[in-house]
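Order of writing sets the labels: A, B and C. Residues in every chain begin at 1.
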Amino acid sequence: MADWAGYMGLMLDGALVTAKLTVLGCALALPAAFLAGLGRLSRFSAVRALSVAYIEFFRGTSIFVQLFWAYFVLPLMGVTLTPLQAGVLALGLNVGAYGAEVVRSAVQSIGREQHEACVALNLTRWQSLRHVLLPQAAVVMVPTFCNNAIELLKATSVVSLISLSDLTFQAQVVRSQTGSTAMPFLTVLVIYFAYASLISFGMKTLERRMTRGLDGLRT
Amino acid sequence: MEWDWEFVREIMPTLLDGLRITLLATLLGSMLAAAAGLGFALLRRSKSRAVARTTGFVVEFIRGTPLLVQLYFLFYVLPELGVLLSPLTAGVVGLGLHYATYTSEVFRAGIDNTPRGQWEAAKACNLTPYQTWRHIILPQAIPPMIPALANYFVAMFKETPLLSAITVIELMSEARSVANSNYRYLEPMTLVGVLFLCISLIAVPALHLLERRFRPTR
Amino acid sequence: MTDTIIDIDCVTKRYGSHTVLKDLCFSVRPGEKLALIGPSGSGKTTILRTLMTLETIEGGTIRIDGENLFQMERNGRLVPADEAHLHRMRTKIGMVFQLFNLFPHKCVLDNITLAPMLTKGVKKADAERRAMELLDLVGLADKARAMPAQLSGGQKQRVAIARALALQPRIMLFDEVTSALDPELVEEVLSVMRMLGSTTDMTMLLVTHEMSFAHDFADRVLFFDRGRIVEEGPPDVLFTNPSHERTQTFLKKIIAAGQRI
């Protein structure tokens, strides 16, 4: 335990990298989820097919394979990515594919009568989606998006295997430098759990604010 | 870089060897996940609040932290406590416990969905709690859960590459080792992807079949 | 052409092999108040939904203001209407649903202002002023900021009426707007409709099981059975002296169920 503070510092650096990966990954996953999820509901069969291909491909192969592919194979095609970029790309697109199904089923869960009210008020398809269907669907999406964000957080640990110095990577560094095993891994587990709790707390707050007024009992 | 079929032919047997270990790990992991998940679900319903809450916290904790770190923990920390596991065993335990936290939710929902009347009928027939669970509740609750459970087993299959990090020689580590020794990443990585996609695509109709077979009739 | 606003000519509508409207023909004069009555499943809702373009038809033509609803002319030929044509046609028509179909995530005022702002480009302040006038009209000015979930059924339905009116359609369709309401809430909605009927020159088509209301309200009553019009006429004649046997049976059942006509 000579340099306890130094090792703690290393792990906090890793915690920052993990936070960054999670935030950037979510920032990519969210638009990907909406594009592909709404794409699956498009009137145009080409758009539908493209969305299905994206969703099935990224859900069908493992995040791990996707990350390695982005890091080792894309450079062969002339696209060289830093580990961080490869990580964000793979994580964002992977979780985006799962999110797309959430978006699709949430939009589909909105009753037919809401669509019909939109037609009777002469809203265009886009206006109905934007002002009536999506705001209602969003309430349904939030809890599942919360789970998706936590899955993304957990998946970030995989980038340590392409030598990105995230939390998991730093735990390994500390282990190999100190020979101590329980301390680094337990510390890291607790930090991940704290992050996950933070995400669920944030999402719960968001959900409460969004559902306010939607049922008559709570005002 | 050109795609090299000759190289593909050369490495395919090695990759298939790895795939065998991957499938074995998934199978064993699924069995553990099912058993431990049921255990978690029952413990969470325990009459003792301390037991129920502790289990709840453990489940939340395992589900809120990465499988990879849990695998490291099993692989590096347990030997220091005198528990020696082979890499594959450690991997299966890690996969099984991690996914047990997901399957426990399935079990919990399934058990909660059993109508109240069934419990009361069992009591009226003077069955012991064990008999009630064994003969009345679980036989009704489990079949409708099978599709959801199978879904998690497929998800687990996609996480098996993590076992390569604790030196299990499965599909991903075979691919990485042939890639490293030949300095060719294109074919091994792509093939791993293709093999995963193939098995996932086979799993999709299989899951649909299960869903039809076990669709709740109530 | 100028003396009708709706022209329904030989319209056929099928769901699969089940024919719901059979060669249906009738027309409506501008400003006319029309009541559609008939047994359950006779196709009353279907005809309103078709006019609102919520359903398509398999045969016949519907003209609104002399213009074909489901077809348009392109290069001298009739082709199925595109979205832009339907959009233009829908500006003439408004509809109130049996189950209100309010937007649960928007307050009463926003429910009413949404469509005028989006489809007509009305400014927010103007839309809100107009919405308040309408809320006043239906007696709900104090509920402008309430959410739909906080309203009673009768209040919801009055908001739904105000919402449809905000677009100033020339034709209003009402599909059993009181049948989902508790009996004591029916009258507050009917009185709003009565007021609309006597103070506006909107054309109104009304599907209802409230025979006494139909009697007072309508200029003309159509009796539907199995996708056809069996009998039509002024309410005084049709209700008191129906000539067709099926109409008589239907009205007898209604009276037996305790309604006054």
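Just so it is clear, contacts are C-beta pairs under 8 Å (C-beta built on N, C-alpha and C of every residue); 3 or more make two chains touch, one makes a residue touch a chain.
In this text, all values refer to a predicted model and were calculated from it rather than measured experimentally.
S.K.: Which category does the touching pattern between chains fall into here: line, ring, star, complete, or other?
M.R.: The chain contacts form an open line.
S.K.: If you tally contacts for every chain pair, which pair is highest?
M.R.: A-B
S.K.: Just by CA atoms, which chain is the most central one?
M.R.: Answer for the innermost chain: A.
S.K.: Rounded to a whole Å, what is the gap between the Cα centroids of chain A and chain C?
M.R.: 46
S.K.: Counting in whole Å, what is the centre-to-centre distance of chain B and chain C, each centre being its mean C-alpha position?
M.R.: Once rounded, the distance between the two centres reads 56 Å.
S.K.: Express in whole angstrom the distance between the two chain centres, defined as the mean CA positions of chain A and chain B.
M.R.: It comes to 21 Å between the two C-alpha centres.
S.K.: Residues of chain C touching 2+ other chains?
M.R.: Not one residue in chain C touches at least two other chains.
S.K.: In the complex of these two chains, what residues of chain C are touching chain A?
M.R.: 52-54, 83, 87, 90-91, 93-95, 97, 99, 101-105, 107, 114-115, 118-119, 147, 149-150, 163-164, 167
S.K.: So in the complex, which bits of chain A are touching chain C?
M.R.: 113-114, 116-117, 119-125, 127, 131-132, 135-136, 139, 213-216, 219
S.K.: Which bits of chain B are touching chain A when the two form their complex?
M.R.: For chain B paired with chain A, touching residues are 1, 61, 63-70, 72-73, 76-77, 80, 158-162, 165, 172, 176, 179, 185-186, 189-190, 192-193, 196-197, 200-201.
S.K.: Okay, in this complex, where on chain A does chain B touch?
M.R.: By the definition above, chain A touches chain B via 56-57, 59-66, 68-69, 72-73, 76-77, 150, 153-158, 160-161, 168, 171-172, 175, 181-182, 185-186, 188-189, 192-193, 196-197.
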